[in-house]
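Listed below are the structures to be examined.
Below are two complexes that have chain A in common, paired first with chain B and then with chain C.
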Partner chain A sequence: MRLPRFDYLGPDTLDAALELLATHKEEAKILAGGTDLVVRMKKGLLKPKVLISLKALNELSYIKEDGKEIKIGARTPLADIIASDLIQTQANALAQACEKVGAITLQHYRGTIGGNILQDNRCFHYNQSSFHRSGRQPCHKDGGKICYARDEADRCNSTCQSDGATALMALGAKLTLASKGSARTVNLEDFYTSDGIMPFAMESHELLKEITIPLTGAKSAYHRLAYRSAIDYPVVCAGVLLKPSDTKKEEIDDVRIVVGAMSRSPLFLAQASSSLKGKKLSDIDAFKTAADTAMNSASAFAVHNVGATLAYRCEMVAQMVFRALKEAAQAADR
Partner chain B sequence: MEKIKITLTINDKLREVNVAPNDTLLEVLREKFDLTGSKESCGEGVCGSCTIQMDGKPVRSCLTLALEADGCTIKTVEGLANGDQLSDLQESFINHGAVQCGFCTPGMLISADALLQNNPKPDEKTVRKALAGNICRCTGYAKIVDAVCHAGSPDNQCPDCKTGQ
Partner chain C sequence: MSDYTIIGKRMPRVDSRAKVMGKARFTADLKLPGMLVGKIKRSPYAHARILNIDTSKAEALPGVKAVVTGKDTEGVKWGVFSYTRDQQFIQMEKARYIGDEVAGVAAVDEETALEALDLIEVEYEELPAVFESMEAMASQTEPIHEDFPNNINVHVNIETGEVDENFKRAHYVREDTFTAPEDSYFMAEPYAVVAKFDYDGCLEVWCPNGGPHMKSKPLSNAFKIPLHQVKIRKIAIGGAFGGRSEICPADYICALLAKKSDKPVKIEFTREENSIATRQGHAMITTHKTGVDKEGRVLARETTCYLDGGAYVSTGPIAVSVPFLSMEQVYRMESVRYNGYSLYTNKPIRGMIRTHGRCFAAGLDTQLDMIAEHLGIDPVEMRLRNVRKPGEYTNTKSLVGSCAMDETIHKAVVTSGFKDKWGKLPPFHGIGMGTNAVQVGFPMGIRGGSQSFIKFNEDGEATVMSGVVDNGQGNDNMLVQIAAEELGLLPEDIHLVSADTETTSSDPGSYSQVSTFVGGQAVQIAAKNCKQKLFEVAAKVLKVKADTLVAKNRLIFVKDTPEKSISIKKVVRISLTNFNSVNAEGGYWPKVDMKREWVSNPYGQMCEAFSFGTTIVEVKVDPETGQVEVLNATACQDVGKALNPLVLEGQFEGSIAMGGQGGMLTEYHEWKDGRCLNPTMLDYKVPLACDMPTIKNIIVESIEPLGPYGAKEAGMSIAMSAAQGYAAAVSNAIGVYMDSFPLTPDKILAAIKEKKSRPQNKES
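Right after this comes the complex of A and B.
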C-alpha cells in the first residue's frame, strides 16, 4: 500500500516543533512511532499535508521521579516503560498494559506511550480499506451522518482501545499539553470529549509532552481480553488502583476501577470503586460485587463494534475487573 | 514532490539514496536497493513479513518512513549470511524443515536473529514471545521455534535435526 503524499518536517527542538505546529495546525500531524498514524494514512482515513517528526526530540524520552510523581516523556518507547524498575514497582498496571501492546519485538521499539494514549478510536465499520468504505454511505467519523454500529445514533460510537490510557486513568495520571509559548496540565479523565470523531479534548496546535503519575504507594494491576495477544486490540480491559489503609492493616482505603475498550474513552466507574471503601483486602465477595457493579455500569456505554459479541464483552468486564482487583489486593497484602 | 537525500548503513555498507517523504523503508529497500528478501504482505504492521533490524532492533519496515531511518544501521535478511556461508540460524531453519512456503521466513529470521543477539540461549517460551509478531499462514510454528532454540545452543540433543552430529 502506498502512502498518500505529504511534506515531512524534522524539527531539532521542542520549541521548533511547537512553532511548526502553530503554523500548520490541523494540516499537520505529529509522527512519533507511526504504528497507528501510518496505518491510518495507508487506509486513507487521514490525509495530513504535513508530518512533524519527533525523531530528533530525545528530550521527550525519559522516565523520572521527584518523590511525589513519576514523570514520563511522551515519546518514551513502550519497551523502556516495560523495562523500568520504577514503573514496575510503583505503577505496575502501566507496565502490564504496555507489555500487551502489539508484538514484543516489533511495536515496542517504535511504539511510544504518547502515541498509545493518542491512538485514534476504532470501529470495525470505520477501520477498513478505502475500497471497502467506498461501497456505502460514509459514517459519522468518515464525514457522513450514519452510524453502522448503533442504529439512529446521532454521533460517532467508535471505541477507545488504548491499553496505556486505561491503565493510566486507573493510576490517576495527568497529561501536560504544550503549545507555542504555553503549557497546560489536564487530568486524563477530563481529556476525553465523548465524541468518537475527535475523542481528545486537545487543540490542533497542542502537543502531548509529558505524562505524570502520582506516587501514592497504592498497588495497581491491568488485565485485558484480546483474541490474539500479539496483534489484536483489547475487546475488554480493566485497570485497577488499590490503596490499603495507612492505619488499619488489611483494610482498603481507596480504589479506582477503570474499564477500557467499552466506550469512546476509558470509563472510571465511581460506584463500583466506592463500594470497596473500608472492605478487607481478603474480601473476595466484595470484589465480586464490585466487578458486577462495574459490568452493569460499563455495559450501558458499549456498542457492538470491536470484534466479540456485545453480550460476551459485557460479561467479561466483570471477569477482567475481578482479576485485576484480586491481583492488586494480593500485591498490597505482601 | 521534492526528494530528500538520506544515508543508510545497509548490511554493513554505507549507502546514499534520494527518497520521497511518503516512501516507506520497505519500498526503498526493495525498489532502490533490490533487497527483495523483506516482503510486503499486510502492509499495515500486523503480519511481520517486512521485519528488518534498525539499529539492532526489529521493526516493521512497512510502517517506518524511509526518512525516519536516516542515519540508521539496517540489517535485512540478505545480511545474515557471510557470502555463501549461511548463518547458524539459517542452517538451523534448513535442518529443522522450518520453511514451508517461505514468505514469512525473512521476517522470522530477522526477529529470531535480534533475539539471539541479546539472548543466545533462549527457552521455548522466550522464542514464542519474540516471534509472536511474525505470522506464518502455513502455521508451521513448531519447527520454526525448534530451529531458533537449537540455533542458540547447537550442542543440545535435538531429535529433529542433524546439526552438530
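Right after this comes the complex of A and C.
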C-alpha cells in the first residue's frame, strides 16, 4: 500500500516545530517514529498535508530527575527508557511496558514514548483498508454514525492499546503540552476525551513535549496479555502503583490501579484502588478482591474490537491486576 | 552404506545466498520497459447482482491505458476440472464474496490506477448472503450458484467394508465433532503477476506458481491461443503451501490488460488481497464416529465433514478428499464410510493447505486418545495397534510400499522421553503425540509425469532442464544435487533451467508432494542416460568397458583402478570433436490408476509412495490465563531418503511453526458479515521466531524402492502430526479433550473452568 502525498518538514528546534504547528494546525501531523502514523496513512485513515518530523529535535530526548520528579522528553526512544536505571528503580511499570512495545528493533530505531502515548485508538472495524471499509456505512471514527463494535452506540468505542499510557497513568504521570508561546501541564488521567474519534484532549497546534512522573518511593508493575511475545498489541493490560505507608512498613498507604486495552483510554479504577488502602502488603486476598473489583468496573467499558474474545479479556483484567499488584507488593517488601 | 558424494549431504541451498542478500528477484521486483501498473476492482459486497458497470470516467482519466470488465472476457470460466468450471475471471452477473473481481485497470502509475478504480461505477443489487456451512445448506434464499440448490457444491462419498455390521460388533463406539475456522497461508511474498504480449502474439507471464504448466494451459484456453504461445517464466517464489496451485483471476486480468494496452502490466497484491483474494484454508466441521474392538483396533469408522468452500469450487473435489486420504493412509480401518461436503458460502475461495483440515486431523487423534483412555491403553500403544504397516492396502485400494511408521513412533517416543512423562507430569504440564501420512502425488492424467533434458557444454559443465518449480522449499537445490551426483560433477557445475513452460517439459507441479519423486527422478534418469554417453566415449579412451566406470568430482575413472581416469570436460570435448553431442533426456511417470477420480471413482492406486511421520509435543499451560508455553517438539518422519538433511530440517521446523504453533494455537480468521477482520500480518497471528519451541528433528530412512535414491515426500506433512501433537499435548495438560481449534487461551481457560465445576469424574 502506498502513502498518500504529503509535505515533509524537519524543523531543527522545538520553537521552529511549534511555529510550523501553529501555521498548519490540523493539516499537520507530528512524525515521531511513525510506527503508528505511517500505518494509518497507508490504510488511508488519515491524509495530512504536512508531516512535521521530530527527528532532528534531540532536545526532546532525555530522561532526568530533580529529586521530586522524573522528566522524560517526548521524543525519547523506548530503548532508552527500558535501559534507564532511574526508570527501572523508580518507575519500573514504564520500563516493563516499553519492553512490550513492537519489537526490539522498533524500540531502538523508531518507537518514541510520546508516539506511544499518542498512538491512535484502534478497532478491527476501523483499522482497515479503504476497500474493507467500502460497501458499508462508515463508522463514527470514519465520519459516520454507526459503531460496528457495539450496537446502537452513540459514539466511537475504539480501544486505547498503548502500553506506555497505561503504565504512566498508574504512575500518576503528567504531560506537558507546548504550543507557540505557551505551555500547559495536564494530568494524564485528565488527558482523554472519552470519545474514540479523537481520544486526546489536545489542540492541533499543541505538541507533547515532556512526561513527568512524581518520585514517591512507591513501587509499580505492569502486566499484559497478547497472542505473541512481540509485534502485538495487548488485548488487556494493567499497571499498578503501590505505596507502602511511611510509618507502618507492612501497610499499604496508597494504590493506583489502571487497566488498559479495555476502553477508549486507560482506566484508573478508583474503587478497586481505594479498597487496598490500609491493607497489609501480604494480604493476597485483598489483592484478589481488588482485582475482581477492577474487572467488574472495567468490563462495562469493553467491546469486542481488538481480538481474543470479550469474555476472555474481561476475565483477564482480574488476572493482570492481581499479578501486577503481587509483583509491586513484593518489590515494596524488599 | 552410502556411496553418494552429494546426495544425503548437508549442503547449503544453491539459492540461499541470493535470498539472504536480497538479490533474488521476485515478481514484484520485475521492471519491464513501458510497464504499467495494474489494479483490480473488487466487490465490497458479499453477494450482489451486478446491474451495471460504467468505466467511462476511469477510461477518460489521463494516464489510464486500459480498463477491462467481464465484457472483455467473453465469459470464459475457470475450474480445475471440466466439471467444476464455476468462476468467471471477471464477474459479469454476480459478485459472490467481498473481494470478487469485477474490473481491472492499467495505468502509468499506482496513484492513477487507484484513482481509476474509484472512478469505475458499479451498480449492485445486494442479495442475502450466507457465511457458514450449516447456514448455507439451510438457506432458503437465492443459491450462490444457480445449479447448486442448498449451496451443496461437492460431495465425496467413500465406503469400504461392512461399516454398519462392524459398528454392531464393536466393543466400544464413540462419536465426536470437531471444528475449526478458516486459516491462511501468509506466504512471505504477497501475490504478484507480470504479463506481456509479444509482437507475434505470445504471452509471457511471471508469477508465483505451484507449477508453471498449471498456469499456461488455462491461459491458453482463456485467450484461445496455442499452448506454446503462453510462456510462464521462472521467477523466485516466496512460499506457496498449496495456495499458489491454480490460475488466479489476477493472472488473466493482468494478461488481458497487457493485451488491451499493448504494454507489459504488473499487478501486485496488497497483503489484504493476498489474504482474501487468493486462497484460504477451509473452515470445517468434522464428525468422527469410531468403533473399536477390545484391543482398541478400529473396526469401523464413519466420518462426515462439512467444508466451508467459499464462493467458488477451486480444488473442491481434492480438498474434500485429502483429509480423508491422509486418515486412511496413516490408520488402518477395517471398514470406513466417508461423506465429505463442500458448501458454497459468500466468503473467499478456499484451497489446499499444508495440514489439510486441522480439525479433521487433530480431531481424529484426539478421539483415538479418548478411546485409548477408555480402554486403559496408552497413546503410543494405541497408535502402534492402528497405524499403517508396509505392504498393506489403504481402504481405497492403494498399495503402500515403504513404510516406517512404527519406527517414527518409537524414535520420537524415545527422544522425547514420552514414556517417562506421559501421565507423570505435574498439573497443567502435558505431552501428546500425533501421527500422520501423506500421499506422494495423485493421478493427474496427462500432467502426471515429468521429463528432463540435460546438455553438456564444451567447458564440461551441464545445463539441466526441468519443469519442476521451487516455491521456497528447495526444489532447485534438489534438482542440482541429483544432477551433480549422477553426472559426477560439483553442484556449481550444474546450471538449472526450470519452471519455464517454453523450455521445459510438462511437470505435475509442486503441490502434490511429487517434485522429488517424479521431477527429481526424471532428472536422475536423464543424468544417468547422459552419463552413459560420457562413459562410452571415456571407455574407448581408457580402453576399458563402459560398465566399469564411475563419475565423481569431475572425473570419470575405473572403479577398481581409480588412477585410470579422465576429466569429464575432456570426455565432452573428445565427444564433440568426434561429431557427437553429449546430451540426454529422461522422464518419469508414476504408475497410478488413471481411472481413479476424486468424486466418480475414488478407488485404485493413488500414487507410488506414502510418507509417514510422528510429532510429540510438550507444553505447559498457565491455568489462570490459558496461555500455552510449548517446551519442545520432537518431529520424526520416514522420508524414504533424506537427499539433504539441512534443507529437510528446515522443512520440519516450518511444519511445526505452521501446523502446530500457528495452526493449533493462534491462527484463525475473524469475520463481520463476510468481511475478514484480520487480513494483515499484524492482526493475523502467525507465530514469530521468538515464540517457537526447541525442536528436535529425527529423520527415518525407509528407502522407497520406487523413489530417487529411495526418497519420497519429506518435511511438508510434519505439519499434520504437529497439529495433532499440539492438540494432544494441551488436552493432556488440562485434562480435557479439546474439540474446537485453534486452542486459543479463551477456549483453554473455559475448558479448565468447566472441568473444575464438573462433579467429580465418574468415568475414570
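Methods note: the second predicted complex is superposed on the first by the 331 of 334 C-alpha atoms of A that agree within 3 Å, B and C clash if a C-alpha of one lies under 4 Å from a C-alpha of the other, contacts with A are read in each partner's own complex, and residues count from 1 in each chain.
Keep in mind that, in the parts below, a residue touches a chain if its C-beta (ideal position, glycine included) is under 8 Å from a C-beta of that chain, and two chains touch if they have at least 3 such contacts.
Since the structure is predicted, the reported quantities are computational estimates derived from the model, not experimental observations.
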Which of chain B and chain C A:102 touches, first, second, both or neither: first
Partner chain(s) touched by A:229 [first = chain B, second = chain C, both, neither]: both
Which superposed partner A:34 touches (first chain B, second chain C, both, neither): first
Touching partner for A:315 - first (chain B), second (chain C), both, neither: second
First, second, both or neither for A:247, with chain B first and chain C second: neither
Which superposed partner A:136 touches (first chain B, second chain C, both, neither): second
Touching partner for A:3 - first (chain B), second (chain C), both, neither: first
Which superposed partner A:307 touches (first chain B, second chain C, both, neither): second
Chain B versus chain C as contact partner of A:148, first or second or both or neither: second
Residues on chain A lying within both footprints (that of chain B and that of chain C): 1-2, 39, 229-231
Chain C-touching residues of chain A, taken from the complex the two chains share: 1-2, 39, 124-125, 128-129, 131-132, 134-136, 148, 225, 227-232, 307-309, 311-312, 315-316, 319
Contact footprint of chain A on chain B as seen in their complex: 1, 4, 20-24, 43-46, 48, 51, 54, 57-60, 62-65, 67-68, 111, 114-115, 129-135
Complex contact set, residues of chain C against chain A: 42-45, 98, 110-111, 114, 270, 272, 624-627, 666, 670, 672-673, 675-679, 681-683, 685, 687-688, 690-691, 744-746, 749
Residues on chain A engaged by chain B in the complex (per definition of touch): 1-8, 10, 31, 34-35, 38-39, 42-43, 51, 53, 55, 102-107, 109-110, 229-231
